[in-house]
Amino acid sequence: MFNRILVANRGEIALRVIRACQELGIQTVAVYSEADKDALYLRLADETVCIGPGPSKQSYLDIPRIISAAEITDVEAIHPGYGFLSENAQFAEVCRSCHIQFIGPSPETMRKLGDKVEARKLAREAGVPVVPGSPGIVVEEAEALSVAREIGYPVMIKAASGGGGRGLRVAHNDASLSTGLRAARSEAEAAFKKSGVYVEKYIPRARHVEFQVMGDLQGRLIHLGERDCSLQRRHQKLVEESPSPALTPEARQRMGAAALAVARAAGYTHLGTAEFLLAPDSQFYFIEMNCRIQVEHPVTEMVTGLDLVKEQLRIASGESLRLAQEDVRLHGCAIECRINAEDPENDFAPCAGKVSLFSPPGGPGTRVDSHVHSGYTVSPFYDSLLAKLIVHRENRRDAIAAMRRALEEFVVEGVKTTIPLYLELFGHTNYITGDVDTTFVETYLGGG
Amino acid sequence: MFNRILVANRGEIALRVIRACQELGIQTVAVYSEADKDALYLRLADETVCIGPGPSKQSYLDIPRIISAAEITDVEAIHPGYGFLSENAQFAEVCRSCHIQFIGPSPETMRKLGDKVEARKLAREAGVPVVPGSPGIVVEEAEALSVAREIGYPVMIKAASGGGGRGLRVAHNDASLSTGLRAARSEAEAAFKKSGVYVEKYIPRARHVEFQVMGDLQGRLIHLGERDCSLQRRHQKLVEESPSPALTPEARQRMGAAALAVARAAGYTHLGTAEFLLAPDSQFYFIEMNCRIQVEHPVTEMVTGLDLVKEQLRIASGESLRLAQEDVRLHGCAIECRINAEDPENDFAPCAGKVSLFSPPGGPGTRVDSHVHSGYTVSPFYDSLLAKLIVHRENRRDAIAAMRRALEEFVVEGVKTTIPLYLELFGHTNYITGDVDTTFVETYLGGG
Amino acid sequence: MDLKIVRELIALMEQHDLSEVEVEEEGHRVRLRKHVADARAPVGNPAAPAPAAGRVPAAPVAAESPAGAAPAKEAPGTAQVKSPMVGTFYRAPNPEAAPFVDVGDKLTPESVVCIVEAMKVMNEIKAEVAGVVEAVLVENGEAVEFGQALFRVRTA
Amino acid sequence: MDLKIVRELIALMEQHDLSEVEVEEEGHRVRLRKHVADARAPVGNPAAPAPAAGRVPAAPVAAESPAGAAPAKEAPGTAQVKSPMVGTFYRAPNPEAAPFVDVGDKLTPESVVCIVEAMKVMNEIKAEVAGVVEAVLVENGEAVEFGQALFRVRTA
């Protein structure tokens, strides 16, 4: 096992990694920007290094500064968390060239899976269904039109290097495809410096169901069941649960096998997530593979009893997986919701400012992953995630009741939060009966 | 199931009961003293009733006021929590006469088990070993001396109606027995208005191991494994864990059977705890039965996956137990420690005052049961419990690591707490190797 | 003094979280002081006394806020008769009888003003102050909690 | 009355973390008072500027407090040369050479004062202020973090 690693992230996931390291007896180096200098979680690291000013580009996204911090503190490995540099293959390569271990899959695997067109091809070749669409990046508008007519409208236009819903467009006819294509390209260019887009069939009433996979350096691969993340707003996940209320054991087995087939084809190691669309007719389609720990990993931890960050560290240090596929059991139901400092009354505008009182819920079956405390200042530089609230109960009905109870208990004063929205969502018949798709939240909010 | 119950308690256990009720859809009435009027958890109750001023005798211990509150709010049942009126058979009788259900065993059972001499007799008759000692209350000093000589010194002098370590004395010879007898009697008289004491053999190097039993109104009884509460200070439990590091599966089976035998003999229903001393030679001795939910119930919840307060409510409403003895499995290891507002540097003097910052730990395997929040004022009227910190991990070694990690994270400012003491205890070789007995903490502290 | 300036001062206070502003100018003097309720105290946590005098928790037991029984500040020259117990409030010894007291009645400390029934026992409540009944704060038959104001009495 | 003055006073209050300001001048009097927090602010959370001027984080990277890189207030007439990057601090271009600068040396903003090595690249750091080197705050070969003070310079 490692003696000392650097955590190249901030906020709750930095704290999450520090927690795992402390329990494993690994020393931690936390890097931070000037905007985060007062964060309480920094006290828990063995060392801290200020790497730059508030803006991410000059701190958490600045590869040389992070590598320098790793070198002067003499760490063996870097945990990238999620977001920031976590799926940056170049960062993983620089780590390698500096003889610092990047805790994640190889840069080659990341590059292969980071490009959606490549990933689709890889999945098709592994016999895993993908949403019908263009075989690769669409260059000519004529090609896009011909693909769309072949697979039938409505279609989606997606950025090949997209993520978080940016660069996504739905087109219902030739005209909207033409305009959408131009818009998606320039959006993708602005966001990712790459204008490649592709076109695929839009699947109505689909759920988002993803599988957690885990592979060791010895080539063993298993999956840890699924997470249903159908409650989204602008393609950002709001609520995640495991197991999915829409999967039969048989469907779980089939989709899990598909997830493993893609992972195997990509030579996948470490933790990763295979995302699928699940249509109302139970047909599923591979979308993409995320090469990092997910924000929503706690729901899988609750139902499997595993600590996924510890597993990441074990894998990176060369240990073999401690369990086989048949040892994986899902117990009860876990639900997570992301409490953001946003104003639901004002189109979810982020609310920076001081949290005057932060009193999280507790008690049985309740887990809170948060770096926030009374007196914490929400910085305008970073995302607005205040806390992840996770509940775990015997069954889904009890889990929903526990979530409502915990949300009622959660006191955040000083900034507006999404708690009121969740109280509505978890009281909604469609959610309670499991009858939702990825458009549910926006439809509920009157079109997002 | 009930529609509406009253919670006749305060602080974390009142909140704990409210949590269970909310998850089961039961309305709650919270009673409170003027000293607790600002407590945040009162917001979570459906109704609140002020029942008196701060001192417990005029509020939480005042039977007429609590019954009146139950009557005017028209509840079906009362949950007594722990402490206060929870083991008061007269209170249970008044409830019965007012047609309000007391959530706990019958007054008859409580009376039988509340008197330690009676309880010992009952255990002996059920074939369960008790610590050798006087057959009943000792009236004459001569009788005490003769018992002591028969069973051999050292001996303990115990108040028949004792609890929490009050009225306890160890005597090493005739002279210290005579003086100890007088002191114990007057102490018991002052504390419990009853001066009955008995004498029993002092078992050196013993552990405190207790079994959680649970019985429905249909007469089914099961046990939920043990809790090891050997870390005590002045007979007050500090740390509890399950399973006990000192029990083999075979010993667990034998002691569990003994716990059930006592419970069966007492006609026990609802939740209860059979306490044992476990000697180094694996011989165990029944001490007493607690007729209520225990402070340390969460460790049993974590390893069994059950919600014991919900189970109490189910039993009281007439439901049958949902699981048989063979369904009970203990998963992993759970440890709880009680974070008190006390100054370990100053003989554990309670610290009343304002908690300026309260930032509890979170993350995987971490549970906090607490009514405290930043800005909460610790009242001098009640016990100094701020929070129960519970961790649950795959095995004991990992649980200890998680506990240390969580304690490091726990920030309480404004009042002194026992957190530094726990950081020492959980780092101590004797605790880590499981080599402790009930005198360990006091020996460690240099005699308490 | 221009009210607009006062408004602006208030806005400034709010913007900058001031608790007091006092401005004096050529015989003009403005002094603004904000209620020192701790910004951080939880809502419904009236650690500081209520700003206005005479706030009366007229709500029955099922008060929304746990602070229902918080002692309200009394206006000078008035007192409150409070319930010393939890129970049901009755204005008369029996349903047919006249109320013990009504608005305008004179009280001595020994005057019985009502009954609070608790556990089937009818407890006569005495005024404990001398004065004139100014208001009856609870409806007949309503539940009352400990410390709840029952009557307002003019003592001066 | 001039609101600008009030605003300036508020800015002063905030800047200096005062709880009350009172100004009286020829019949003019302004008094501002801020709600005194902050028993509740977390320890180690220096939202307010450090009380003493000239506090210098001389500790290496492994600072106990995450606030190690917090800008320390400078005494009047002095400035600090801070590290613009994370890396290893060298006072000389190579182990045999003399230090770029030493105490007592005069600096122009263009003077190279040291090297910070980051990812095997030797970065020459310029003073960016004019003055006289008063102190070298970091040992040769030590690790420095972003914003860490390297030299104290007398500018006045």
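By letter and in written order, the chains are A, B, C and D; residue numbering begins at 1 in each of them.
As a convention for this text, contacts are C-beta pairs under 8 Å (C-beta built on N, C-alpha and C of every residue); 3 or more make two chains touch, one makes a residue touch a chain.
Because the structure is a prediction, the values reported are computed rather than measured.
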Item to check | Interchain contact steps from subunit C to subunit D (minimum; 1 if touching) | outcome: 1
Item to check | Greatest separation from subunit B - chain, by CA centre | outcome: D
Checklist entry - So, what's the distance in Å between the C-alpha centres of subunit D and subunit A? => result 39
Checklist outcome for this item: Note: subunit D sits from subunit B at a C-alpha centroid distance in Å of 55
Checklist entry - Any idea how many Å lie between the Cα centroids of subunit A and subunit B? => result 43
Next on the checklist: From the mean C-alpha coordinate of subunit A to that of subunit C, what's the distance rounded to whole Å?
Outcome noted: 53
Checklist outcome for this item: Contacts with two or more other chains occur in subunit C at residues 38-40, 42
Checklist entry - What are the residues of subunit B that contact at least two other chains? => result 40, 357, 359, 373-375, 411
Checklist outcome for this item: In the complex, subunit B touches subunit A at residues 15-16, 19-20, 22-25, 40, 44, 298, 301, 305, 307, 331-332, 357-360, 362-370, 373-375, 393-394, 398, 401-402, 404-405, 408-409, 411
Item to check | subunit C-facing residues of subunit B, complex | outcome: 30, 32, 34, 37-40, 42-43, 45, 47-53, 59, 64-65, 67-69, 71-73, 98, 373-375
Checklist outcome for this item: Residue positions on subunit D within touch of subunit A in the complex are 40-42, 44-47, 61-63, 65-70, 85-88, 118-119, 143-148
Item to check | Footprint of subunit D on subunit C - complex, ascending | outcome: 5, 8-9, 12, 16-29, 31, 34, 36, 38-40
Next on the checklist: Applying the document's contact rule, which stretches of subunit D touch subunit C when the two form their complex?
Outcome noted: 1, 3, 6-7, 10, 13-14, 20, 22, 24, 27-35, 37, 40
